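Each of the two complexes below includes chain A, the first together with chain B, the second together with chain C.
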Partner chain A sequence: MKKDEVLLNLQNAVVLANFEDALSWTGYGLKEGIPPFELITEGLSKGMINVGKKYEDGDYYVTDMILSSGAMNEALTILLPFLKKRKSKYLGKVVLGSVTDDIHDIGKNIVATMLIGVGFDVYDLGVNVSKEEFINKAIEVQADIVGASAFMSSTYLYQLDIKKALDEAGLTPKVKYIIGGGAVYRQWAREIGADGFANDALEAVNLCKSFVSAKGV
Partner chain B sequence: MAKGIKVIACQVMEKEIISIVGRESNATFVQYEYHDKPELLHNRIQEAIECSTDYQCIILGFGLCGGAIDGILAMTCPVIIPKIDDCIPLLLGSRERYEQEKKIESGTYFLNQGWIEYGNDALKDFYKWREMYGERKALWLINEIYKAYTRVAFINSGFEDKNRYLCYAGEVANFLNVKLDVLSGNLGFIRQLLNLEWDNDNYIKLEPGQKAERCMFRP
Partner chain C sequence: MGANIDARINRLVDTIRNYQCNETFTSLKRYELNRQGSEVDRPNVILELTDHAAPMAQMTVEEICRDSKKLVCSQLTAMSDYKSDAPLLNFPDFYNIENEAVGQSVHYPENSLPVLIEPLIKTHKDLDRLRLPNLEQAGRIPQAIEIVRNFNEKLGSVCLGCGLVQGPWSMAAGLRGFKDLLYDTKRDIDFVHEILDYCVEVCVVYANALLSNGLDLVIFTDGWASIGECISPENFYRLVVPYTGRVFSRLPKKSAVWLGIWGIRNAPDWRDIIRGEIAAGTSAVFIGDPDCFSIDLAEAKRILVKHDVQLWVGVDAEVIRFGNIKERVSELINVASGGGVTVYANWVTYDCPPERVRCFVESVKSISSH
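For the complex of A and B:
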């Protein structure tokens, strides 16, 4: 089978959230000698970008996106160990998490999957992440970007705390700080001096890409 | 002549609100189903405001509700909005109590009678998603979406028929394999709201022509 067909099948597996196909076409692609990075960027990730567009157009529910993201993650469990050996391929390092007291992570998880898909090295700290954990991880991995998600109007003020902590740790402006989540709005990002705001996963990916391309990575 | 006060609220609080203002009151309840699409919920609330002319003021029984209230425009009279994310603080009596309960267990899934009657929960989601995607994917989604929840808390507002709702809340807890707690409801916050006993800390007042903004909801 031609490489393009394998990649197309991978895209379709993600679009249709077919976990088994995502796994089997990944395995097949590896066996055929397609580079793991290409399976991600030209297969899985393109599928996920399609899913993001379908969601934006109102053709997909958020549950469709979560399922597609799950299918992509299944395949990534096979592919990521290969990528770890090829650090030079990463576009940049992103530390992600949901802020203190916030247990909502659906959007953040989709962002993480899509960022991995386009070639970022993602450190997802999970939910209820303190400013110290964000800072420590950013220092430890020498992050290019830190992203904080907040879903509640009772928790999004923590995004300001993280910005202050990044400033105090001397990480800004080198480390870019982006925010998102259900409770957050563009003006809030400007108010707290964040470098960017993303309303959805596609916007987050484009934002992160713009930072690293500006850096010339 | 102004017709008094108009209440526009989410139907999950219908019983609580009716118990205070009575069935004959000027209250409109907006269907819960619009919560899944905040822009639709926004439109329904705005339409209800636009249909409510000649009132002294309009009271919204909604929180920010996923951003649905962002941009709501007061038309001919002031609009009062509680400064909350969702209706849970209204059912528990205060924002402080809500914060306290979340501190006790951050992964709390709150339910009340109205929520069980009209809203979403893990069981209803499971049945809906099973229809859409089949059992395996539905279970995968439940695990993914509800994984952070560690308890179901039933808010008991003290209505006579509460037992069957409490039983159902127990079924949801069992399904998620988490514990069930019963919290006493407190209608004090709703009562203050409906009695126009507001202050800037707890409520937003939009003057005619003014729009609600997310930043107004900051504690």
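For the complex of A and C:
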């Protein structure tokens, strides 16, 4: 089978959220000698871009994006170890996490998957992440962007703590700070002085891209 | 502390009884008239205060989520200040009571709502092991029942008593983990049906226990069944409506309200979602903000009236916190006027200034009575 066909099948597996096909076409591609980075950028990522377009056109729901990113994640479990060796290719470094006391991660995980898909080096700290953990990781990896997600009405206040900690650590304005999550509003982002707010995963990806292109990373 | 909190609750009960009895109708009477299709002075206003109420009663969020008396005290403190019409008689977050009762672990942060830690159902065998909760000792269910019983004794004759529980789909999302439940719709659909079968039984047992202890309305909150964000319309009709309908069919007539299904504006035809809810047997359909401003609300009301189903409408938390409250309420009341309507603020944020909440309640009362 030609390389283009394999990549197209991989794209379709993501678009249709076919978990089984995403895994098997990734395995097949590797076996056929297609470079892992190409499987991601030309296969999985293009599939996710198509999913994003369908979402923007109103043909897909968020729930479809979750399913597609699930199929992509299955494939990434095989490919991520290869990816880590290609750091020079990354668009930029993003540290992500759900704030203290918040264990909701669906939206944050979609953002992480999509950022990886478009070529960011993503350090996902998981859930219930303290401001110290955000700051330490941002310093350690020399992050370009820090993103904090909050789903609950009582946890989004921690996003302000992270902003203050970034300021105190001298990381702003070099490190951009973006926030999102079910409990968060654009107005809140302005109030705390965050550099950006994302209402959904696509907006988060576009925001991150705009930051790194402005910086020329 | 025990006697002290009892005294506080009794004082609050007196305050609430007084202001409700001084209105044209008490909230219970207004609700009953609404149910009979009679005209009322204004809609009932219900606030979902949850963690917002804790600091008002000088308590932590953890305290009100673990201790039934503190929960009641906090809810009545907020209610008596804001002069709203009905408290929500259950522990927040409403998405983990049943799950905890059947064995799922819950984390209680000091100043945030409790959250489920990890899925209870990871394999088919995990599901096989689950049993129905023992109402006398399962998690916080005995306390939840106690809350309802006490409320009924103290305020049940004047004040509408509402308790929030989960719909089977949302309960399943908690037990299995939302993402995995969703993935299972692609990977193992039979497993999804088996989990939902189990959740139906838990929902029925729990809701009936609350109703038999004096609750007027069981509100089935189902945020995980929000259209587009959490479930496609196809899966809503296939996996949510039938199972929720099975629950409603085993409760007293008109005792259940289905709430928290957001995003009906995202469906190809929002009318189909409403018809699905009606078919399931809900006594009211909740259309929250921004849905209620994105569809033809007057038409929605006509559909509901035809089926003898009430309309519950909401105003978004962001509007209550930051927006032009009077303008928004006015816009809502203009369409959703007349009988059969309840205004339900599904979320008052933790840090929302009290004067804005007061403004919201007063706006509903004054604008609707003009």
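Everything below uses one rule, namely that the second predicted complex is superposed on the first by the 205 of 217 C-alpha atoms of A that agree within 3 Å, B and C clash if a C-alpha of one lies under 4 Å from a C-alpha of the other, contacts with A are read in each partner's own complex, and residues count from 1 in each chain.
As a convention for this text, a contact is a pair of C-beta atoms (placed from the backbone, for glycine too) under 8 Å apart; a residue touches a chain by one contact, two chains touch by 3 or more.
Fair warning: this is a prediction, and the values are worked out from it, not measured in the lab.
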So if we stack both complexes on chain A, do chain B and chain C clash, or do they fit?
clash
Same chain A residues contacting chain B and chain C, which ones?
17, 63, 66-67, 70, 101, 103-104, 106, 152-154, 157, 183, 185, 187
Which positions of chain B touch chain A when the two form their complex?
64, 66-67, 70, 85, 95, 99, 102, 106-107, 129, 132-133, 137, 140-141, 144-145, 148-149, 214-215, 217-219
Which chain A residues qualify as touching chain C in the complex?
17-19, 61-64, 66-67, 70, 100-104, 106, 109, 152-155, 157, 183, 185, 187
Can you list the residues on chain C that touch chain A in the complex?
50-52, 61, 107, 109, 111-113, 115-117, 178-179, 182-183, 186-187, 227-232, 235, 266, 317-318, 321-322, 347, 349-351
Write out the stretch or stretches of chain A touching chain B in their complex.
17, 63, 66-67, 70, 101, 103-106, 127-128, 152-154, 157, 182-185, 187-188, 191
